[in-house]
Amino acid sequence: MYELGVVHRSIRRADHDVAAKLGTFGTATVHEAMGRTGLLNPYIRPIYAGAHTSGTAVTVLLHPGDNWMLHVAAEQILPGDIVVAAVTAECTDGYFGDLLATSFKARGAQGLVIAAGVRDVRLLTEMEFPVWSKAISAKGTVKAALGSVNIPIVCAGALVSPGDVVVADEDGVVVVPAAAAQKTLEAAAARETSEDEKRAKLAAGILGLDMYNMREPLQKAGLKYID
Amino acid sequence: MYELGVVHRSIRRADHDVAAKLGTFGTATVHEAMGRTGLLNPYIRPIYAGAHTSGTAVTVLLHPGDNWMLHVAAEQILPGDIVVAAVTAECTDGYFGDLLATSFKARGAQGLVIAAGVRDVRLLTEMEFPVWSKAISAKGTVKAALGSVNIPIVCAGALVSPGDVVVADEDGVVVVPAAAAQKTLEAAAARETSEDEKRAKLAAGILGLDMYNMREPLQKAGLKYID
Amino acid sequence: MYELGVVHRSIRRADHDVAAKLGTFGTATVHEAMGRTGLLNPYIRPIYAGAHTSGTAVTVLLHPGDNWMLHVAAEQILPGDIVVAAVTAECTDGYFGDLLATSFKARGAQGLVIAAGVRDVRLLTEMEFPVWSKAISAKGTVKAALGSVNIPIVCAGALVSPGDVVVADEDGVVVVPAAAAQKTLEAAAARETSEDEKRAKLAAGILGLDMYNMREPLQKAGLKYID
Amino acid sequence: MYELGVVHRSIRRADHDVAAKLGTFGTATVHEAMGRTGLLNPYIRPIYAGAHTSGTAVTVLLHPGDNWMLHVAAEQILPGDIVVAAVTAECTDGYFGDLLATSFKARGAQGLVIAAGVRDVRLLTEMEFPVWSKAISAKGTVKAALGSVNIPIVCAGALVSPGDVVVADEDGVVVVPAAAAQKTLEAAAARETSEDEKRAKLAAGILGLDMYNMREPLQKAGLKYID
Amino acid sequence: MYELGVVHRSIRRADHDVAAKLGTFGTATVHEAMGRTGLLNPYIRPIYAGAHTSGTAVTVLLHPGDNWMLHVAAEQILPGDIVVAAVTAECTDGYFGDLLATSFKARGAQGLVIAAGVRDVRLLTEMEFPVWSKAISAKGTVKAALGSVNIPIVCAGALVSPGDVVVADEDGVVVVPAAAAQKTLEAAAARETSEDEKRAKLAAGILGLDMYNMREPLQKAGLKYID
Amino acid sequence: MYELGVVHRSIRRADHDVAAKLGTFGTATVHEAMGRTGLLNPYIRPIYAGAHTSGTAVTVLLHPGDNWMLHVAAEQILPGDIVVAAVTAECTDGYFGDLLATSFKARGAQGLVIAAGVRDVRLLTEMEFPVWSKAISAKGTVKAALGSVNIPIVCAGALVSPGDVVVADEDGVVVVPAAAAQKTLEAAAARETSEDEKRAKLAAGILGLDMYNMREPLQKAGLKYID
């Protein structure tokens, strides 16, 4: 049960430096570092190729066809934030375009993740303001109903609390709770180092079967080779 | 970020009497009484016509194609509970059939809400064990990976905490946080009384336009009648 | 470009007797009688098994999450009408429940076709008020934005003008322009007679291959039988 | 690459008695007995509640919007057969209605599985002719293009060869290759016996955790109970 | 009920200069200028990034899997036209490829909007012939059934009449009735001027909350700020 | 019924030269050359613009959320192969990323076709390792369950046998049985020549109506021109 009509002005943001570093690893590595949790549903896609960013979440709860609270959220943005917006029902309308992007950018926002539609895709691409959305639609919205800003929301199947780290790239969007950010960063870094070594071996023709010692467990599981 | 591999045995359940009374109002009224929040996505549908129930949530987090934790959850069921299950990725497999339903029923479960598939629909219907699911599929699942029981989960777009009241009927499923159950019950009861009066007036031919005093706001909004 | 904020009170309805007779043939026959046109998209489904009706269209244009105009439409209903409602964007909210159904029924409505969601399905079923919808959802709607009543609308991919005949059953919904209703009725009647004869022959074991003289065209088309 | 324009008249059907017995176990059990393979995608659903049957496959390859080959297939039906139809592209048109059902029934068909739409649902229900389809649509089809009858087809994601056993019920549709029918029957029977015993224990309140000896593997996997 | 088998050769096109100017504003602005109506459903997407155009509609009604009428339509194209094609049932086949594009381009077409699939995407991109479609598919079509050219059609949920202005870009496709084109152009121009001013203010850090005077209505609506 | 737990090491590959030449024609032409069969469903899309390749199929059957068999498959890759992977149930997880791509590339693979999700899209694009998938998702997979390598599989609605030619480009993916590869190549070449001539004529303004001699059949079919 969402708390409606409130704006929390004082949120505890994850460390911005940690958020930035998590962004360098990308969503696949961060998601693995969190024990394979925290991903938004894969129907959330970047609006242009190459989009990637990370930051701390300013959350917004919207109503269908109504983007009023995005304007309220703008005032709560600090440099390094990513706005994460959910809607109380399925909606593909274009809640966000180049005007709001101009405002968000002026406030220091790193990007937008929204479980609805956006528009002005050409201009957003030119501005290099990265957006992850469920749809692209020219359809505009009204400004009539109160939602909330900076409450915990469910966005595309994931729970996002204000201040959480959000990492977004071409593979999707992952949320790291503020309290787990530092630990996740260490796990991601460890994983990345390990991946570099593996990549070199695989490029040299060594098989994953051997590198990961899979032949014995496969045999035990009953795999049969037929010539 | 879900906590994996844990079972919380001591959960604070909403009052069972309140949960039962909320069930008599149905999801539409309860959802309105909560300020139009708390609904699961409408792709969660009952597997047979006429299914309706209410209870307190035992939550389960599952992995794709793996129903191991449903067996773990069975032990945590108390009479009056409803099991609410989410999966860490999209999956339509049949996680639940008549054997698990027999076990759940023996433990006193009121029903199951699952963001995945179920099977043995004919037997579940005969048993009158109500299930709300995303799919029906004969496909079986394995028992291999640890999820969790009685942690807060996101199920079909809604946050469900263990002990919350769950109301489910042919219109869908709504979740009432335990702390808001009593207040929601009162709001629902007030609404219901009001609806009975309205129904009688409408049946007598009085228009909503007059009963709700809509003619003036419609005129102000600019509505024009053309003959 | 829809005309917004208008209610046309004087519409030319197709003959009610013709509408009723068309209803006896069902959507499949009526659709064939119209040269295979006029069907709404098949995602529009009846909310209960066995629903079937016909009538003349009172059309409504709604906004997402807003059912205000359904109340406006109620006043325009005459006995024998079916309300047909479109929304200006995708929406699955529950626009219509037992209160509005009570009002519509008191006005003489035959049913509702809506390219959105409805709720109170159990009560609507008990009332035997047939509804064809895109979704079932307990989610309520507001009363805030002006749409229109009795303008031509696009509903689930079909153009529906006020006064058109609407035939709806378990196979879907078909719209017959008022001007074509009489001619379509005659074509449907002719088709139906022909179907009765065919049914008897097929039940007696005569093959469609022979009854429809398909063997020669199949051979000409190059069909080969392999033993 | 499908072979187009051919009708294989001599197909090797699985034993009808075996097919009938497999039908008594239902799709969930048969699918398990085959090592969890052979299921059609779960979007194939029965058109009425309670539909269940089994038989040997007569396969049909259709073109979008064209049901000509269903008439050709009718002649190839022997008592105990189920017609299984695929389309060369996505299509929801109503390929099959009460006339074809009358003909199929007269030939001894047990039912129809079709990866497209059907119509005349009310009549098919009254006739108790079971159909599993992807859609219901009043939209008719033409008779213009050659497909094939009794070639191996891919239907809703599963490979179906003529003569295979098809088991269909409310949980979906499963295909058993003719060569594996007897072995699958034995495995299904063994599984069923085992299920009866389990059901009794679970009904008596014994937990699956104990009955399946899951406590130790769960502990080894690291499951933690928190009070 | 579509009129089948006809080609209207004399259509009243909107002024080409007005169509061209509307194109410079883009779909979002034009849609707003029309009172938020006229958009095609957002599943219609451009086949390559950066596609944008405008023109006057030549409409085509097609049958599933049959592109015959696109050839008939080619002859009706005048320089500055956009072909808008609907299909009488859901279909994702590739109706249009580089050969037809070569022909359409030679006739002066500005692009194609089609509620179905297209193919030869690489070549269409190289040719810079913009297409908005529902799908991309290599599947070819036949030339067998009569549809119509230059009749009013319902395309992706919008009514399109021959001669209407069509504006298409990365945000989608919007249709402006010929009779409303001049008025819409003026409204779009006014809106655009207003947007330029707003953009500058927002870029300078002024909040929408202040620029649009939202603080008072938000307070009246009950918004609470919590520190 | 899939054979599980087997790896066929000796498969009969189509001629690599033929496979390469088929690739030059693209999927639309090859699909036409095969009599309009052999296409995978159009929801299989390339992960980056411009992807196109061809090769011989190494097939893999996977379980939901489990990519173990992709490692087993790597060892079976010969230069010029394309890996084609199906999953036993619907799954959008990211089965494949830059590490496996490095390994596949080192073995000489031309690309991957997978009826599931992939990740590391940015790196795969930089590596120019072409992938056609159903989804993009950062979600990782486990290595636990045995599938098979080089058995016939159903992938996105098409039957693919090991050694078949696979052609993939921006229009989709088509499969040519090894036995039909040479014949299909000849048919594709003939078609291509014919297309070059047609393109020149159409570019010169000749209408398809005249070039294909459609005017008479259209008139016979009853097409009417209205001025």
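Labels for the chains are A, B, C, D, E and F, by order of writing; each one numbers its residues from 1.
Here, a contact is a pair of C-beta atoms (placed from the backbone, for glycine too) under 8 Å apart; a residue touches a chain by one contact, two chains touch by 3 or more.
Values in this document were obtained by computation on a predicted structure and should not be read as measured data.
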Numbering shared by both copies at the chain C-chain B contact, with half separating same from different: different
Chain D-chain E separation of Cα centroids, rounded to whole Å: 42
Gap in Å, rounded to a whole number, between the CA centres of chain F and chain E: 31
Chain centre separation in whole Å, for chain D relative to chain A (CA means): 41
Chain F, residues touching no fewer than two other chains: 36, 49, 90, 92, 137, 139, 145
Interchain pairs in contact, sorted by label: A-B, A-C, A-E, A-F, B-C, B-D, B-F, C-D, C-E, D-E, D-F, E-F
Contact footprint of chain B on chain D as seen in their complex: 26-28, 31-32, 36, 39, 42, 45, 49-50, 52, 169-172, 174, 195, 198-199, 202-205, 207-209, 212, 214, 218, 221-227
Chain F contact footprint on chain D (complex, rising order): 1-2, 4, 34-38, 41, 88, 90, 152, 154, 157-159, 175-177, 180
Interface residues, chain E side, partner chain D - complex: 63-65, 89-93, 139, 142, 144-145
Contact set on chain E toward chain F in their complex: 5-10, 48-49, 68, 71-72, 74-75, 92, 94, 97-100, 102-103, 105-107, 117, 119-122, 125, 135-140, 143, 145-146
